[in-house]
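Read from first to last, the chains carry the letters A, B, C and D; within each, the first residue is number 1.
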Amino acid sequence: MRMKSLALAAALSLSVTLPAAAEPVKVGMITTLSGGGAGLGIDVRDGFMLAVKNSGNTDLELVVEDDQQKPDIAVQLADKMIQSEKVDILTGIIWSNLAMAVVPAATAQGKFYLSPNAGPSALAGKGCHENYFNVAWQNDNLHEAAGAYANDAGFKNSFILAPNYPAGKDALTGYKRFYKGDVAGEIYTQLGQNDYAAEIAQIRASGADSVFFFLPGGMGIAFMKQYAASGVGMPLIGPAFSFDQGILQAVGEAALGVKNTSQWNKDIDNPANKAFVESFQAEYGRLPSLYASQGFDTANLILSAMGKASVGDADAFRAALEEADFDSVRGSFKFASNHHPVQDIYVREVIKEGDVFTNKIIGTALKDHADAYAAECKL
Amino acid sequence: MSGAVTNIRSGARREWVINLVLLAGLGLVPLWAWFADAPFTITLATRAAILALAGTGLNIALGMGGLVSFGHAVFFGIGGYAMGILASHAQNYDPLVQWPVVIEGTQFMPVIWIVAILAGAVAALVIGALSLRTSGVYFIMITLAFGQMFYYFAISWPAYGGEDGLAIYVRNGFPGLNTLDPIQYFALCFAVLLVVLFFNARLIRSPFGLALNAARQSTQRVEAVGMDPFRLRLAAFVLSGAITALAGALFADLNRFASPAMFSWQLSGEIMVFVILGGVARLCGPLAGAVVFVMLEHFLGGLSEYWHIFLGLLLLLVVLLAKGGLIGLLSGRGAAHG
Amino acid sequence: MADQHTLLPVLEARSITRTFAALKANEDVSIDLKQGEIHAVIGPNGAGKSTLIQQICGTLAPDSGEVFLAGENITPLKAHQRARRGLARTFQVSALAMEDTVLENAVLGALGAQSGAGVSVMGMFSSALGNRALRDAAMEALLRVGLRDKAQVRTAQLSHGERRQLELAVALTLKPKAFVMDEPMAGLGASGSKAMTEFLDRLRREAPILLVEHDMDAVFALADRISVLVYGRIIATGTVDEIRADAGVREAYLGEDA
Amino acid sequence: MSPILFIEQLLNGLQFGIMLFLMASGLTLVFGVMGLINLAHGSLFMIGAFAAAAVAGWSGSFLLGLAAALAAAAAAGVIIETVVIRRLYNRDHLDQVLATFALILILSEGTRWLFGSFPLYLERPSWLAGPVTLPGGIEYSSYRLALIVVGLAIAAGLFFLVTHTRLGDRIRAGESDREMIAALGVDISKLYTIVFALGAALAGLAGALVGAIQSVQVGMGEPVLILAFVVIVIGGIGSIKGALIGALLVGLTDTLGRFLLPILFGTVMDPASATAVGSALASMAIYMLMALVLLIRPQGLFGGAP
């Protein structure tokens, strides 16, 4: 549970361009900084801090704590942030299950919650809340885009697999929502499973023409390495999570050429993104990841709202957030009625630049894509 | 010889003083926090009280019965889900059972507790009846494996949220109390802890406690006086599971959330850590351990991302050097047994 | 002695055989114990005496053969069920609750003598040491073996001899039909052995004793009958004089050990 | 379901089982000889994988990586044994569990501190990268086939070591009577260190071999450790033969369960819920197997009295 207060040096205020906010805003970030999933949380945090630093705005005070990827710790930290730190805005949670534990209670207590990563369907549909904003995606989005891409690529018979947990089920549902071809086979694997020999054998025997998989973290690394070794040559499609900058180096050659869907890539051509990629590399000495871009956008969204309204006036501040008047690194970005993004989702291909594995955008899967649950939301 | 007797007595007296100080401290700090308007301190104290309760449950099996259960998170999780399932059905006005009789969910804590206790006891009966066929290392490994089985089941079973867990948006109710008020919920949990500790203190002195204690030291001895060590241990395991399940229900209510993480083997390990850190087979050992653990988690966690290293080192030192745990260290009463 | 042979034995083992891998620990061993007698089992180390006791008391199942207590076939019963039916055992290496006090150990025995003890709701709420009847029964047994003054001492602090006495006290609280004692004299010293011998001499009137013992003075002083176990087989059973005179015994056992 | 698919799944189960054996044999040796339960065995698995990834990444040679894994895990084993474990032999199992649990915390976070929070890259060697065609037209990953061969060779070597060498004599003597081998003048603390290091090296090797087809990350050892416990419970503690049979049983049950149960449920319900229910039950299959073995033989298939 690292606590990091950001008191920014006055020297940075040279670059202040935003009008000074009426009152300071305290942001509590609960994210995963230790354990196996720490890489994602660290990127969100770093992206967020970079945006604050680049803005030079000293009125945003950030408190960061580590949830250890445990729901009960996350809830405890949310209580602490609200009760002791008296934060105005909460953000930072990576995992859907932690978000489900924290978000409803936090928004019910009148706090704003801005999600930099998780977007469970329950919070996008019936469970939506006026104070909950998702700056990343609804969980289904990238899978839906993968389904759309599979149609464009002419795949007629997909084999699909995901871990047996809610996000995994959402993934396969999301893919099938847009994919029009046949399903050659559908497998739910065990969460945390590291050996996919049995599944790959079934893929080989299924006669499919493509494989869609959603296996976040180490599961995806294991799957891709084993898939490449098996000699089953059908093309792979997946959401960006298994092809992210942080994880891609561990997959290596096995990922080369794989198509994946993402709302961001480092080669999106706009000034905000260029500045982001350059300053991130300068600051941290590594390429930014998807998660870093989401953290960066989240901070900029808050900063933009701070310039328009005081956080003490919840209605005005909410209206300012809804406008989403900031330069997103993704280019166009706006909120749907349920406070989830409406954005383009791209198809990327894994390439090798020198020694580094990375992604390049090869097309757009879905334009101005919103999620499927907005209609259920009564906002 | 009489000198040794006096030593035991004075050590015991000092342990009682330490227990009272501990309990008073855990009761008074939140009270102070309440006046000082530091609600998070109350939340931490509540967490400590509930974890202490879970540890107290384990201590019956571990301390009195000598049963090294590495799967107590099973019962903790069952308690949590008993609360989650009942409350979520009540929250959605969706009966729990439609046939043959309609059973509604409930957000009434006493009922939830009873269900948690019963569910924990039944699970402990089944797991215990299987695991107690073995002993020693086998028992450790088997309880660990059963814990893992429940964990995977909870993650992959879709009906109650799977890995996402079950969120309850309003804390369940208790007659005459506003449970959402941190200090009132703390008082409730603290009261439950006191009741269980009182029961536990009686249990240690009871015929059952005497027999169980003897069975830990010598199976042959209790057999030779005509008692069935298997039944004694199974009863202890069931009691132990029931109490830990109650703690799980309270814990889920504290967080308004039940999740498969409550079943994880790390949690089993942590419950065991409370017991050892404080002192095995000591009435307030789990309490001392839980308080220290929560404080470490809070303060050490604030110092370093890698605080687990320090926790590990501390634990190692306690195991290697201070056999009686913290209470043993403070009361000068070495190991509680052995 | 003649009339005793007509009585039904209190404890009887019939044709007990038990093998460990290739080793025959007990082969067709039959032995009985009649009301009022001390029946000693002697034999060199490794002769199978401990194996025999374990099978009689139920901690080891025989490959074949049966055990009867007061006419009831107790072969299928477990150790604690046999104890409950009135078979009291003392151990060669003390099996006491070492961390508990002497009194607590004795109370445990008294508790075992109560019906339905152990797992019961009352058994979890009442106080064991606060129970008058249990305490009295325990103190009486401690008084008989001479440990009354040590009631509050932790058992681990007792001397070896005192632990033997406590073993005996716990067995007494059970008010059994028969005693099975595994080397009660071991580690007692000369005066201790003498006291124990006198005690057992009187005890046989309460219940007969199956006595496994290495101390030949005690055996010859106490035993009504002696059985000699060698290489898992009983080679002779008889009175002290008969055994002294038995050529086979002299050769197999006394020749090397007496 | 074609026979080829079924045979391929059998091979998968075999390969999984053999990797579990490498873990379980070390655990069971350490328990058999020293009477120690070592939860940190999974950390040694992780150390092997990290060492292999680091050295293979630096040198570009997979074999060097394997050697590094063996060396690092054995060295870690020696250090852990002499600093901590040695003090635990005469303690009860509870102390052993707690101390080795503490070691997990220290080793996991220590590794994360050294190597960072992202998974590391470790790739199988190029000469084992592709598939091979087996008789009958079965196409199978050459690396997995190599794992089966290497694993079986190690199992055979281990049997030879235990039954035909002086070290093996001592190990067996240590299992049956600890005072005896001390009385025979064997340096018991050295023997313990060697056995512990041997177990550690086997775990480290397993970590490196598996790491090449899975992901090398902190916390990778504990799930395998728990499976190894299941293996030992099934096979019987202290028995290498039991560890081998138990590991193969667990490997086959898990692989075939994951494969067959959804198909089985698919005959009575719709495909989506069949896969969900089937895989939920498949994740519990090996624990059911364990419970079954416990009911029939509490001491495990090849164990002595429990």
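The definition used in the following text is that a contact is a pair of C-beta atoms (placed from the backbone, for glycine too) under 8 Å apart; a residue touches a chain by one contact, two chains touch by 3 or more.
Computed from a predicted structure; not experimentally measured.
Trainee: Enumerate, in label order, the chains that touch subunit B and subunit C alike.
Mentor: none
Trainee: Which chain has the mean of its C-alpha atoms lying nearest to the mean of all protein C-alpha atoms shown?
Mentor: Given all protein C-alpha atoms shown, the central chain works out to be B.
Trainee: With centres defined as the mean of C-alpha atoms, identify the chain lying farthest from subunit B.
Mentor: The most distant chain relative to subunit B turns out to be C.
Trainee: Roughly how far is subunit C from subunit D, centre to centre by C-alpha average, rounded to an integer in Å?
Mentor: About 48 Å, centre to centre.
Trainee: Could you put a whole-Å number on the gap between the CA centroids of subunit A and subunit C?
Mentor: Measuring from centre to centre gives 74 Å for this pair.
Trainee: What is the distance in Å between the mean C-alpha positions of subunit A and subunit D?
Mentor: Those two chain centres are 35 Å apart.
Trainee: Could you please state the distance in Å, as a whole number, between where the Cα atoms of subunit B are centred and where those of subunit D are centred?
Mentor: 32
Trainee: Got the subunit D residues that touch at least 2 other chains?
Mentor: Where subunit D meets two or more other chains at a single residue, that happens at 109, 112, 276, 279-280, 283.
Trainee: Would you mind listing the residues of subunit B that make contact with two or more other chains?
Mentor: In subunit B, residues 152, 155-156, 158, 306-308, 338 touch at least two other chains, as defined above.
Trainee: What graph shape do the protein chains here make by touch: line, ring, star, complete or other?
Mentor: Basically it's none of the tidy shapes, so other.
Trainee: Can you name every chain pair that touches?
Mentor: A-B, A-D, B-C, B-D
Trainee: What residues on subunit D touch subunit B, complex-wise?
Mentor: Per the touch definition, subunit D meets subunit B at residues 31, 37, 84, 87, 91-95, 97-99, 101-106, 108-110, 112-113, 222, 226, 229-230, 232-233, 237, 276, 279-280, 283-284, 287, 290-291, 294-295, 298-300, 306.
Trainee: In their shared complex, at which residues does subunit A touch subunit D?
Mentor: 34-36, 38-39, 42, 164, 169, 186-190, 192, 194-195, 197-199, 201-202, 204-205, 217-219, 221-222, 225-226, 228-231, 246-247, 249-254
Trainee: Mind pulling up the subunit B residues that touch subunit C in the complex?
Mentor: 1, 4-5, 8, 202-203, 205-211, 213-214, 217-218, 220-229, 231-232, 235, 239, 336-338
Trainee: Mind pulling up the subunit D residues that touch subunit A in the complex?
Mentor: 1-2, 4-5, 8-9, 12-13, 15-16, 109, 112, 116-121, 123-124, 128-131, 139, 141-144, 210, 212-220, 223, 255, 258-259, 262, 271-272, 275-276, 279-280, 282-283
Trainee: Contact residues on subunit A for subunit B in the complex?
Mentor: 1-3, 33-34, 38, 66, 70-72, 75-76, 79-80, 83-84, 96-97, 100-101, 104-105, 108, 120, 122, 164-167, 169, 188, 190-191
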